[in-house]
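After this come two complexes, each holding chain A, first together with chain B and then together with chain C.
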Partner chain A sequence: MQLIVNILVLAAIYALISCGYVLVYRVSRVLNLAHGELMMLGGYMLIVTAATISSNPIAAIAGALVLSLMVGGLVYVFLMRKMTGEMVLAAVLATVALGILLRGLVILFWSAQIQYPAQTLALSNPTLNLPGGASISFYSAMLIVATVVVYSTLFAFLRFGSWGIRMRAAGQSPLLAAQRGINLHGVYALAWGLSTLTGSLAGILIALDSGLSQTIVMIGLKAFPAALVGGLDSLVGALAGSLIVAAAEVLMIHYVDPLLADVVPFLVLIGMLVVRPWGLFGTREALDRV
Partner chain B sequence: MNSDTMLTVDKLEVVYKRAITAVQGISLSVARGQIVAVIGTNGAGKSTTLRAISGFIGIDDARVTDGSVTFKGQRIDNRPPHTIARLGIALVPEREKVFPNLSIAENLAAPVAARASRSERRRREELVYHFFPRLAELRARIGGLLSGGERQMLAIGSALVCHPELLLIDELSLGLAPVVVEGLMERLVQIRRELDITILLVEQSASVALAISDYGYVLENGRVVLDGDAARLKDHPEIKEFYLGQARAGDRRSYAEIKQYRRSRRWYG
Partner chain C sequence: MSRHPPRASGYFRTSYAQDHALIQTRLEWLATAALAVALCGVPLIASPFLLDLATQVLLAIVGALALALLTGYAGQISLGHAGLLAAGAFTVGILFKEFNAPFWISLPAAAVTGAALGVVFGLPSLRLRGLYLAVSTLALHFVVVYLGGEYESKRGFSTGIMIDPPSLLGVSITSGRAWYLVMLGAAVVALLLAANILRSHTGRAWRAVHANETVAGALGINVAAAKLGAFVITSSMTAVAGGLFAYHRGFVSVEAFSLYLSIQYIAMIIIGGMGSLLGAVLGAIFVTLFPYAIEALVGMLPGSQRYAGSLFAVNYAAFGVVMILFLIFEPLGLVGIWRRLQSFFLLWPFKQRPVGGGRK
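This part shows the complex of A and B:
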């Protein structure tokens, strides 16, 4: 039972992070390899807002999320926008550089020391007991709730929202989208903003749950195989991929060796690439364009 | 060029990839309410001209390097496509004309209209289904699964949702059966009548285009080689000979060659 809970929590973390990879990839065909760092930045945003805006946790978290949305949009406007129309490789490399830069900045401002924003905000993290003898920490439970809320909202937005439909349209044919009056830069900035927002939400909850340091970038990196296993351009795929990767990882830790934890997602990824290079739910042609 | 001119293209020059000049000094004008045809063979620069009017994006790597495009008194050359679309010019492109993984209904919901009140928007979408009842039957089907004719209907429909004053159509007849083309052409005439829209029509098949047009231009090698009232063009001997396939001489040559040939014949008596 505890095993299932652990799998669900880890899957929720990966899913919440990997939808950011999917959003950006789906509209602009760019792999955002700085997503892990942007997620970490979300955690540090919380430290900033807790210190400056308000010590009320809700207000601090909301402030951090708004900041993340803006950071994502600004990353597009000031960095990725120049890359539009350039080779995809150039754009991907730009995200790699951005990631390294962000890590450097975080060390510069906050040192490599582990931080506990939960303490700053005077929040406790009670353990909830579940039927069947399992237990879950409060913020782990919140991670699952957040994942459910974020995915339902994204599904509804992309399916029924006018700008959601336009984001999908721009992903399928940027030229036709522009010819139909859709401002591509606006759509891309929105995708980056939403992607960073959801990533930050994950970063914030992880930071509240277990503290914040550079190491959480690794979690972001492990969510990437989850997104890719699902096909990278599909939200359903990201959910399924996250579940698969999380299950493999938790079972491996439990039955084989905890030291393998960080390797498992990439093993799953390699296995997947050999069998179905376009992922579980991805479109086959999507991968040619990378 | 009178005050009722909607679009003026003046000595337009378009260069691809900073090296390939595809259009070299085309001038044409479109009066409000008219249907104007641009005809020419493969590679004449027809699509490039329409794309220059409707705007290039970064990946096209194309630029208007000389001349101008003026829409209702406003210069629009080298502006991004979405601003041009919102000014009231909608293009039905030659390729990539619908979003392949969006349903018909979503294809019609995606465009950002020039004038977009919510009720107006709904009226426009209903109007598309009125012009093309076939699309209403297939609302939930995705664009990529449509037949060529249905896809063309959807392309025209999604352009109409943009609320254009000027509709640019690139090769309506491409890959379609003659009876389908005829139906679409009739629909265009109806659309112009009911919506008071101006249409610039690019076609390889001259007979089809000139049949519904008021005025026509003939393009070759990136230049306008002939223009005139559609009725007069239809009877023009050289158009007849080359574009309408009513050749007198057995072999087909380019229009320029024929002209050259005539001229030389005249020269040598």
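This part shows the complex of A and C:
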């Protein structure tokens, strides 16, 4: 029972992070390797808002989310917009460089020490007992709730929202979308903003649950296989991929070797690339050259 | 090492042998000889610190050349360069610990390990292109590093493996000067190897595959073999560089081979300029010296003592900024700047080449 709970929590973490990869990739065909760092930045935004705006947890978290939405938009406006039309590799490397820059800045401003925003906000993290002898911490449960909320909102938004439809259109054919009067830069900026927002939400909840340091970047990177296993341009796929990767990881740690934790997602990824490179639910596409 | 440097006038190649020669004019011969003398003379005058820097640069050049061949010429992206370096280093470390193997066994063994891993890294390239290939090499990097870490912890070397310096004819190589010469030799061999591959059938096949796989196939090039060959040769070079790194440090540990190292190597070929051996060399020099330059700059600021602890973070941030600036404003890299300078002086007092005419 505890195993299932662990799998669900880890899957929720991966799903919440990997929808950011999917959003950006689906709309602009860019692989954002700085997503882990942007997620970490979300956690630190909470520290900022908790210190400046309000010590009310809800207000602080909302403030941090708004800030990260803006950060995502700014990343597009000041960096990724310059990379449109460049080679795919150049755009990916720009995100890698952005990641390094963010990591340096975070250490510079907040030091490499682990921080506990939950203490600053005077929040406790009670353990909830579930039937079947399993237990779950409050914020882990919140992670699952947040994943459900975020995914249903995203589905509804992409299906019915006018900006959501514009995003899908831009993802299908940027040229036609632009000719229909869709503001491509606006759509791309929104995709980056939303992706950073959902990533930050994951970062904030992880930070509240178990503290915040630079190591959570690795969690962000491990969520990437989840996105790819499901198919980089499919939200349903991201959910399925997260479940698969999380299940593989938790089971391997439990039954084989805890040291495997950082490798399992990538082993799953390699397996998937061999069998079905475009993922479970992804669209098969002509892939670009370097 | 550009194959067709701009010529002001008067030099025409009249045979294929001339066209293929690595050094073409008397001036180039003179320049090469002067450079060789200067490089060999460095250990006589340089301070130990500078000599160590030069040694690091030369080692980085070997790895950067390999990646330039793979990504710049054959067009296969690799985000797993650090994994290959780790494989070479661990081959040396494990052979030394388990069998006490001398360097003339362990370095070739590192090359073989690299070649074998090259096949593993290269197999996905037969099916995957672009991003997906990059991702698969990234995944393999984590696998290799995991295996290294597993060996360390299972055998009880949890802090890392110590390696004795290699000895040649009974003399062990420990001094900075000896290491400088070893690395200089390695870098020269790597450069000659790369230049020779590029002017041979293999190199032309790689460039054809890079340009267009379908057309390359129609030209009678075995695309799969060319891709795998590119991975095998460059991985082998990289693993030897990793082995040399292990000997130079006298110490192997997985911590040295993070993803950041892969990124640094990619930064070298971007900052230097893709698709140019000179670019790889310039990039390796730039990226290796960059942290020291930052340190010196921060040291000049007033109140530098306060920043001493966060130097590492400043480095990271500045490195990210420089990479972004190069990607946005100078995608051709340092070589692009160098070429522009060359043509500025060649064309002077004109600004542009004549439209349509003129020599390339």
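List of remarks:
The rule is short, and it goes like this: the second predicted complex is superposed on the first by the 285 of 290 C-alpha atoms of A that agree within 3 Å, B and C clash if a C-alpha of one lies under 4 Å from a C-alpha of the other, contacts with A are read in each partner's own complex, and residues count from 1 in each chain.
The rule is short, and it goes like this: contacts are C-beta pairs under 8 Å (C-beta built on N, C-alpha and C of every residue); 3 or more make two chains touch, one makes a residue touch a chain.
Everything numeric in this text was worked out from a predicted model, so none of it was measured.
Once the two complexes are overlaid on the shared chain, A:Ile270 sits against chain C while remaining clear of chain B.
When the two complexes are overlaid on their common chain A, residue A:Gln172 makes contact with chain B while staying clear of chain C. Contacts of A:Ala59 after superposition on the shared chain: neither chain B nor chain C is touched. Touch criterion met: A:Gly181 reaches chain B, while chain C stays clear of it. By the touch criterion defined above, A:Ala51 reaches neither chain B nor chain C.
Taking chain B and chain C in turn and counting the residues of chain A each one touches, the greater count comes from C.
Applying the stated touch rule to the two superposed structures, the overlap between the chain B and chain C interfaces on chain A comprises residues 86. Within the complex formed with chain C, the chain A residues making contact are 31, 79, 82-83, 86, 88-90, 92-94, 96-105, 107-108, 111-112, 221, 224-225, 228, 259-260, 262-263, 266-267, 269-270, 273-274, 277, 287-290. The part of chain C that touches chain A in the complex is made up of residues 71, 75-77, 124, 127-132, 134-136, 138-140, 142-143, 146, 149-150, 153, 210, 213, 259-260, 263, 266-267, 270, 310, 312-321, 323-324, 327-328, 331. Residues 54-55, 57-61, 80-82, 85-86, 90-91, 93, 96-102, 106-107, 109-114, 158-159, 161-162 of chain B are the ones that touch chain A when the two sit in their complex.
Residue ranges on chain A touching chain B, taken from their complex, read 84-86, 162, 165-166, 168-169, 172-184, 283.
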